[in-house]
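What follows is one structure encoded as structure tokens, with my remarks underneath.
To keep things simple, chains are lettered A, B, C and D as they appear, and every chain counts its residues starting from 1.
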Amino acid sequence: MVNDKHSQKIVDFIQNWSRKHSIWVLAYGTGCGAIEIPPTMTSRYDAERLGVRGAATPRQADVLMITGYLTVKTLKRVIRVYEQMQDPKYVIGFGSCTINGGMYYDSYNTINVLDKYLPVDVYINGCMPRPEAVLSGFAQLQKRIAEGRADGATQYKENLEWYRANQKRIIPNWVMPEYNW
Amino acid sequence: MKELKENIIQRLKTNFADAVAGSEFSYNRVDVHVKKETIPSILFYLKEEMGYVHLSHISCVDWLEEGEFELVFIVWSPVDKVKVFVKTRLDRENPVLENIDMIWRQANTYEREFREMFGIQFTGLVAPDEFILEDWQGPPPFRRDFDTAEYAKKTFWNRPGREDAQDVRETISGRDGEEIPDFAKKYSR
Amino acid sequence: MEEVLYNILGAVVTFIVAFVVGMTYGGLTRKITARVQNRKGPPFYQNFIDAFKLASKKTAIHHGVMHLMGPAFLMVTSVMTLLIVPVLAGNNWFPNLNFHGDLIFLLYIMTFGPLGMALGAGQTGNPNSAIGVTRGLSQMVGFEIPWVMSLVALMIQYHTTSITGLMEVQAQSGTWLMLSSPFAFIAAVMAMFGMFRYSPFDIVGAPTELASGPVSENGGKFLFVMMSAGSVFTFAKLTLYVDLFMGGASNLVVLLIKTFLLYMIPVLYGVTSPRYRTEQAVRWFWGWPTFFGFLAIIQAVILK
Amino acid sequence: METYSIIFAIFLGGAVLTYFAGKLNSILQDILFLGSVLVPTYLFFSGVSFGSAMPFSLEGISLLWGIDHYSWLFALIVLGLGSLAAVYAIGYMKGKERKGYFYFNFILSVMSMLGIVVSQDLISFFIFWEIMTWSSYLMVIYNGKDIQRVGIKYFVFSAIGAYAMLMGIVIVHSITHTFFIEDMIQAYGHMSLQLQIWIPILFLIAFAVKAAMMPLHVWAPGAYSNAPMAYTSLFSGALSKMGVYGMVLILVTLVSRLPQGIWFREVLAWLGGITAAVGTLWAIKQDDAKKLLAYSSVAQLGYIITGVAIGTELGMLAGLFLAVMHALFKGTLFMAVGAIEKQTGTTNFTEITGLIRKMPWTFLASLMSIIALAGIPPLGGFVGKWMLYESLITSDHYLLVILIFFASTAGFLYCYKFLFGFFLGQEEKEWEHVKEAPATMVVPMILMSVFMFVLGTFPGIILKPINNGLMDLGFVDSYKHLWETSVIFNNWGDHVILQPILYSIIAIFLFFLILVVWKGYKGTRYVTTKDISTSGEVPKEDENLTFSVGFTQPFLRAVAPVMRRQIDKYYTEFAKGLEGLFEFMRRIYTGNAQTYALYVVVFVVIVLLFKDVLF
């Protein structure tokens, strides 16, 4: 049944639809942007009506949200967390710091461009992005998932060597287990 | 208060030959300059004999032009309600000071930070090698001759084609037809 | 042979009903919680979407045999409880295992799954899982006391230990046990708070504290099976309460109304409560609930 | 009739031969040891028929050995567990010191326990009882540690029990002038009320000591954990059942005739309940597996005593069924602990973790016995627990059933602690070298697990002999039939049908197991326990993330007032009171086995010489 091309299309459609409407965000606040998440989740903006919900551990989560600047030290942990997440998984870059370094563009210990190290599906612009912007980011992600274009994880797998080289370039003491799932 | 402050300076001067009073900043603050060899004994004296039991802060200033680091030990007495700033200068090429964390245990944390951020060595300091930075291989980053922008550009390299990193403010102001004030231009790249 | 096949068919139908109802209740709970907090809340079918997404998620890793078996253990408990509890009174369509076990058996089969899942959680090696498990077992010791007291009161008052027997008693007398043994009902409802693990008794999961506790290493299909098991278990427990105290239900609509009303008690209590510490939770159950349990036993002995 | 003589001759001869064979050859010694336990077992079950008795006389005292259905049940426990433990002991004792000493006492223990159940007269009963006490005492001090504290405590309590029993025997003899138990039962109805009360009390004290009932249990944790584990499985599994054996005998044959007997029963039942609760709480607190299991044994015997003390048919069935089950699961658990001790060298939960992948068969056996211990269907423990609850509810013990329920629910905590502490949790580098125990140790455990599983679905296999035994004791069967092969009933006619339940459980389990790993077992890959969500941190190889210290702290904090206010005070006061006694006892009991032997030999000789004058 699954091998049939048309039924595969239908299955994909249903899967993408369910993935779109059930986004479990890993509660992993890396930077100052984490403070924008509570208003997004609670009464005023209520992201839960879109199916967005917090997940406690990487094994349960779908979305890894990089909330703001990312120090080299945190990057190591973030990579580990991302690799522990199960497919399908998405990354949202949150705030200008993840795009070009933002106000920390010349800091000696925060990275400048996130998608050299992790595949980012959606960027949310702003410093800080307001909850409306965060919701619009989620909406954008949902759109991409529904269209099947949120394929960051696949890209990561395909270009693992490139990503790995970039990561190892700024993390000299690499002791992490290899990514192989 | 004034008498009290003079009294303090006088006491320190009589006990420590190299102590020099600094300029006056505020009503409850006393500045004392000493040589680096005197640091442990003067701090110990302040704590044990004069009741300056609280180590508020240790600060480090990089006097790049003079080739020296200045370490400032701020201690506080709950009885006198006076802050004493004990300052000392270290040679920038070979900054070494005696460890004082047996006087105040919390000094240990400051010393680790100075060791990592300024490269100041404390003789007899027992602590793990790393403090905040993990696997740091560059020069001590808080030294003023360390160019963070250059380092960041080198380490967290920009995307090809975006090396210029041009200031968006000019674009925006040009679009809206508004002038960038002079003071703002100074910071504009 | 044919009979066995019919039984299996009945069991499957019961399971599907329980799954759908339990999932819907879960969604409604989220909706109601949201409304209480002045939010719009997710749609009531949100739990189905979540479950489907979890099922379609890739599961690439396991931590060993017990970890693989954990969700299955949990499911066994849920389904066994569901099969033992009479879903619809006087309905011969789904006899399942109604006449094969009694209340004491039910109490014990209900502890089978959590313990089995605890083994799975233990093998993941996550310290949070083990902490969650000990908390859960401690809380179980807490709420089982008033719960058992209430059940013992019913048993000795009506001289039967079987659920169907107690349902017959209500059918014959025409009054619900909830009204004729009010103390037992109060004790049982208070024990229910611990059973459903809504706050203030959500010390097992405690997402902010223990990273969701025993399930912290389970994602994808594992979590899907656990979630389904939880939904089915919720429905089974609610049905048990309805059978014991509210005279059972003769059709599905009545059953849904009764179970939903019962379900709202822990949910609404939980919406407005913070979380207890473990020993506070345990002692809470040994306070007023146990007192009402004693009253229930005294009443049963007098009225026997 | 010759069979008895042959059996006991083989036991005695085997014991002595085994002891000396160690000087010649270690393997010969093992074979002799196995032979001298297994051959009498075979002879007993093939050659001895019910109702057969062997009267003989010794120094003019006529003695009687025989067997009925009731004692056959306990012979089954003793010899069954004894043979399996003997097989296990071969592996366990490999490479240990003083093998001869161990084997000698082991055989003597099995012999004396068999002797107790075949004795139909009080003299041989008492003599075997004493042999059992000595041999177990010598085993307790085998390791040579804590002799003063543990060994003496055990012996003092045993002595208190034995002398209470001796007094009872003397009183009985002064009235009936024979030592036959049958005669004692006959004469009991005609005694004065005072004697009717005192004789059961004296006997019950002796039996309560062996069964480790609440006020007399303080010896048990130390003794159980100090003996070598191969013996403790027998010690806790079978030897403590001798107390239950005697208790049932006294309760059914003597106390049930007494109108005031209800008080005996009530007090015993409550003591049993309190023993269960207190033993459970203390078991939860232990960090050492041996201590945990020892307290757990105390608690489990509490259930058994409660069951038999209630005295209804269901209660008796429950108590004796639990006795059989306890022999099975506690025997297995002590064996498992022994296997772990042998492989790792420690039994502390805070040291060992993650053995499941290294010792899978031991884990399987432990898992089965823990499920049985916790009383969770579909294993045998559930049947016993179910019958116990039903008997308590149907015989109007409303608060006692709550107490028992509390004990057994709290028991889950230590059950989980045992499994988690040893087998689950983080796998540490320190225990990487650990391998599965040798086959001689694993096979007995697995065999007993299979028995537990079978009994869970077909309890009738063992309920039938129990019922026959109760009938033999003259128990009045008022309900005729409370069980079928795989159905159990209570007095009110409610029942649990075990067979379809087992099948359903297996079917559902398999279905969902397949569902979970539906995409194929290959799809999921094993990752180590270091690969867990630790907020992105990568644990180092030697980083220990296991949660095992203060494992049950939340619960213990909740019950802290109970443990502090009553139990602790009770223990310290009791210990203080006993300390003076110990000081005195130490002068008599020098800690030297020969001295004790001398005492008793002298005593028996005096009794035999002056029997006409004395009685």
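As a convention for this text, a residue touches a chain if its C-beta (ideal position, glycine included) is under 8 Å from a C-beta of that chain, and two chains touch if they have at least 3 such contacts.
This is a predicted model, so every value here is computed, not measured.
Here the chain at the heart of the shown protein, by mean C-alpha position, is C.
With chains reduced to the mean position of their C-alpha atoms, the one farthest from chain A is D. A comparison of the A-B and C-D interfaces places the larger number of contacting C-beta pairs at C-D.
Per-chain CA centroids place chain A at a distance of 38 Å from chain B.
Centroids of chain C and chain D (each the mean of its C-alpha atoms) stand 36 Å apart. Distance between chain centres (mean CA atoms), chain B to chain D: 71 Å.
Mean C-alpha position of chain B lies 61 Å from that of chain C. Within chain C, the positions touching two or more other chains are listed as 59-61, 211, 216-217.
Touching two or more other chains at once are residues 525, 531, 533 of chain D. Those residues of chain A in touch with two or more other chains are numbered 57-59, 76, 181.
Applying the touch definition to every pair of chains gives A-B, A-C, A-D, C-D. Residues of chain C that touch chain A in their complex: 30, 34, 37-43, 46, 49-50, 52-53, 56-61, 207-208, 211-212, 215-220, 223.
Listed in rising order, the residues of chain C touching chain D in the complex are 59-66, 68-69, 71-73, 75-76, 79-80, 83, 97, 99-102, 104-105, 108-109, 111-112, 115, 118-119, 122-127, 130-131, 133-135, 137-138, 140-142, 144-145, 148-149, 152, 155-156, 159-162, 165, 211, 216-217, 221-222, 225, 277-279, 282-283, 286, 293, 297, 300-301.
Taken together, the chain D residues at the contact with chain C in this complex read 354, 356-357, 367, 371, 374-377, 382, 385-386, 389-390, 393, 396, 398-399, 401-402, 405-406, 409-410, 412-413, 415-416, 419-420, 424-427, 490, 492, 494-497, 500-501, 504-505, 508-509, 512-513, 515-519, 523-534, 545-547, 551-552, 554-555, 557-560.
Residues 525, 531, 533, 535-538 of chain D touch chain A in their complex. Against chain B, in their complex, chain A makes its touches with residues 72-73, 76, 100-101, 105-113, 116, 169-173.
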